[in-house]
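One chain, subunit A, links the two complexes that follow: it is found with subunit B in the first and with subunit C in the second.
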Partner chain A sequence: MRVRTLVTLAVLLLVSVTTYMTVGARGNWEFLLSFRGTKLAAIVLIAISVSTSTVLFQTVARNRILTPSIMGFDALYVLMFTLGVFFMGAHSFLTIAPVTQYFVSLLLMVGVALALFGTLLLQAREDIMRMMLTGVILAAFFRSLTSLITRIIDPNEFGYIQVASFARFNQIDADLLSISAVLCGVCLLIAWRIRHRLDVLALGREAAINLGENPRRGVIEVLILVAVLVSVSTAFVGPIAFLGLLVVSIAHRVWPTASHGVLLPVAAAVSIITLVGGQAILERVLHSAVPLIVIVDFLGGILFLYLILMRSHR
Partner chain B sequence: MRFFLGALVVLCLLSVTSLLVGVAELGGDDALNLLLISRLPRLFAILICGFSLAICGSIMQMLVRNRFVEPMTVGTGQGAAVGILLVTVFFAAAPLMLKMLVASVTALVASLVFLAIVNRLPPTQPYTVALVGLVYGGILAAGVTFFAYQVDLLQYIDVWINGEFSGVLQGRYELLWVAAIVCALSYLVADQFSIVGMGRTATINLGLSYRQVMIFGLAMISLVSALTVITVGMIPFVGLIVPNIVSRFCGDNLRKTLPIIGCVGAVTVLAADLLGRIVRYPFEVPASTVLGVLGAALFIWLLYKPAIHAR
Partner chain C sequence: MISISNLSYYYDRKLILKNINLQIPKGVVTALIGANGAGKSTLLSLIARLISCQQGRITVDDLEVGSCPTSELATRLSILPQVPEVTTRLSVAELVAFGRYPYNRGRKSPEDETIIANAVELFELQDVRRRSLDTLSGGQRQRALLAMIFAQDTDYLLLDEPLNNLDIAGSRKLMTLVRTLAAEHGKTIVIVLHDINYACAYADWIVTMVDGETGPIGEPNKLVTRELIENVFNTDADVHSVGGRPLVAV
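After this line comes the complex of A and B, so read on.
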């Protein structure tokens, strides 16, 4: 059995969380626990949503190199937020509650993601490399379009966007945190309930049909889940390019299995350990101001290159 | 030929428009000064950038034997940025020439590494080469950002990453003429690049030193990329889109097509810059942003459009 792996993961999880919460603590514990607790909750939420969305996406794309962020999902979310400001004007868009802003962007994103990636995944099976290239270019396209729109927007309104997104970076919006937690929880629950159907979908189109599963419906359902999960993490920290790829690859290495009942929790655990543990080491031990995301993305990028090179040699 | 003439006519029309578009009125006593100090240098910088980046893109596509690569996205431009950053951090007082030299060398090293990676890939997978190039360029850019963050130069590097022409004035762009001359000279050896595009064996069979042409081509591309990045910043996708479109209509004989490619490249960058100046007048949108949107859209079209055979 996998008792040793399980124990190791549990211990690492516990150690990273305690290190994050306690090391370097001075002063009022009540304040400290609630302050760090909120940040911890946000990081855990991000970690789980990134790992789960990546696993789900890799299952329907039947490819372990693709991730939602490589295909441009988070760039799409940022674009939708910017479009919201562009069309509604900064005043009216920013005076509505952040929760409403969030839902407007999310709704737009789900629509576009389904139209775009749904067709891409359903028709372009024969050439995975072309599909990946399309995704990378689409992500670049969304990013350029976002920066084009931010330039076209009235400079004053642009100021509003910057202030709004900056404030959210420093302090976690409690409303947004709770609503994201609920959304994320619902998605995780659905993902957990359809885990056996995911196992079947991972077998491929023909096998899935043979086993009584409708692959088209499966892809659409999974894409909606992915879009919601990505929007949760992007709303907090902005685009994270390669975190999902990194943690899910590690999860596959730690516990090689095709069963989503195992893969989903293991990937989530690895993701939490990476983010919380990494943040704890960076902030509390090394006292470095470099954002963890920058390091994770750098490592993940190199891993991505390695995986592509390995794949093309097979 | 008709294609070339058409491009030339459009180029002339756009150039005149470019001289007339701007915040200051061109009617007053200072009209001549305005033209000489701001409008003409800007026009020249744009034309040279478009011309030389398109030519470099087509030469790089020949050298790598892949239609989906260009210096500004597969690491050469990012390599130049690495060099500029290094010089700025370690010898802040270095003269411009030294900066340019270091940037060219790092750009060359970055392209050589890219080539080494590509050589390990099977030639049957054109999309993989492009994908690897994009990710490689992205990793280099991330490295630059990371390093710049450490030494507090994040704002500074933005100038090189997002190419734009609003800062071009008389006395600030003249280095670009070197790029123009280098690209014009490349016409003399254009046929050698076409031959290298047929592969290593064919090249050696035809009596050319494959290695020599390769190194010469890469050195030229690196120099031009470094010059562009230093003077105006990175301008993406011109080198990719333009050679592809021209080769659809005019084929791949570089001796014949290089002038057309250069001309269409100049038209493209000029149009993007004009669009950026008009769309939010009197403010400006950087040409690189406009090209990023148009270029990415055209790239996807190129990926899915079936090939037309050249006439």
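After this line comes the complex of A and C, so read on.
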């Protein structure tokens, strides 16, 4: 059964990638491959970031309903970005090297995420309802603050923020791709290396202490990874609310396991299939103008409601 | 030996443990008994570093709890918490395998497999080893958790009210296993028990706790009397002697 799941995932992965790369291709192959290849690389990067950050967050939060997006992580990134533009002005913010720009938002993001979500996770993680409410309120707060700033900001600068605040898969900034790939790569490598520790942290605070792990340190390390991964994907495509929830729930369904050594790659595969396959079908087969993210969020939103209403499993 | 000196603990400015000085001997089963809220579980949680020490000192052999590396302590001392919050999707074999984590950091060796298999066998879990925890009965789940800390192979095992929600058959089976661990595997076991009769029947040594302080300490047949029950539990119950050991009439 495991073999069948593995083969199915591999085949779907291959089909979605080849469909995306080849269907409807006309003209110069060299140009086409590099053009589509860049976009594909970006989408794969985002897919893995989203699935991994969701798995990591769910492990330390110890439930399967909350995700970084639902808790307001990506709203926080947009806010940090907006604050950067607000205080430095779009012109100077844009003229500083993208790397610096990136790292300023990133550092702010990691700091604030640790302060807010660190306290929350260390204090209230047994209380899912309190976590969920706090997350919803924080997300709303970040969004209102962002919109307040965008109202008082220069209209030209507003345009720049707007680009950052909406999900998009079609304009991928190639400059950002290499930095993001490196950052993401490092985070994913760390996540993979601590997979056994994650298994232990998932057992709960007391069991983790008993086995010699320090849950507090684990939560902080995981939150840093999540903050970086969310920043990377949000910087690229803007906030995607329910993608993480959707793909990780599917991963749990197709391959129920408590081992992060299995869960992380399976969730990543499901995530890539969903994004690349979905994009391929929409763009190349249906020639639809509907952004993929609208569909993903629609399905994810329904799943979220279903999970809350059922609440049978954590 | 676990030795505790001048240990006090406050929660919400309320004194939960008052200046506890206690030595827990090695190789025997020590039962902690006392009324609800006497501080038994708090004491156990402090020894197992589930909550951090505020005042006083706890040492386990040569390791001082709180200052020694927590991963090192995990190879010497293990705890079965009162309400284990373990994810229910794990299978029994997977749960027991976690007991080896302090040694192998998640990379199982053939030797680990043997230890895990032995633990599964000792706790009579062969038939359910592939089942997930949420499909087990209370007694089976408790045995699975105990098998995990047995696989952890620590000298000291702390059990916080392991008989909660177990019927008489499950309780007796578990306590018999606890005795086996001490007698045949040389483990030191500290167990919080609600029912003093189980303490009399299965423990070598009883430590009583009253209002956050340690009360009388000793072997069951010398310690447990009508007066002791009166002082510790604040109720008058007859104590009979049956087969050379005390039996509290309830």
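Everything that follows uses one rule, which is that the second predicted complex is superposed on the first by the 294 of 314 C-alpha atoms of A that agree within 3 Å, B and C clash if a C-alpha of one lies under 4 Å from a C-alpha of the other, contacts with A are read in each partner's own complex, and residues count from 1 in each chain.
Here is the rule we use: contacts are C-beta pairs under 8 Å (C-beta built on N, C-alpha and C of every residue); 3 or more make two chains touch, one makes a residue touch a chain.
The shown structure was predicted, so the numbers you read here are calculated from the model rather than taken from an experiment.
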*asked:* Just checking: does A:Leu305 make contact with subunit B only, subunit C only, both, or neither of them? Give me first, second, both or neither.
replied: first
*asked:* With both complexes overlaid on chain A, does A:Leu138 touch subunit B (first), subunit C (second), both or neither?
replied: first
*Which holds for A:Gly27: it touches subunit B only (first), subunit C only (second), both, or neither?*
neither
*In the overlay, answer first, second, both or neither for which of subunit B and subunit C A:Ala202 touches.*
second
*Give one of first, second, both or neither to describe whether A:Ser147 is in contact with subunit B, with subunit C, with both, or with none.*
first
*Using the touch definition from the top, say if A:Glu213 reaches subunit B (first), subunit C (second), both or neither.*
second
*Can A:Asp297 be said to touch subunit B (first), subunit C (second), both, or neither?*
first
*Going by the touch definition up top, name the partner, subunit B or subunit C, that contacts more of subunit A.*
B
*What part of subunit B is in contact with subunit A in the complex they form?*
68, 117, 120-122, 125, 127-128, 130-132, 134-136, 138-139, 142-143, 145-146, 149-150, 279-280, 283, 285-286, 289-290, 292-293, 296-297, 299-300, 303-304
_Footprint of subunit B on subunit A - complex, ascending_ = 127, 129-130, 132-134, 136-138, 140-141, 143-145, 147-148, 151-152, 155, 241, 290, 294-295, 297-298, 301-302, 304-305, 308-309, 312-313
*Report the residues of subunit C in contact with subunit A in the complex, numbered from low to high.*
48-50, 69-75, 78-79, 81, 84-87, 89-90, 94, 98-99, 101-102, 105-107, 149, 152
*What residues on subunit A touch subunit C, complex-wise?*
62, 195-197, 199-200, 202-207, 209-214, 256, 258-259, 314
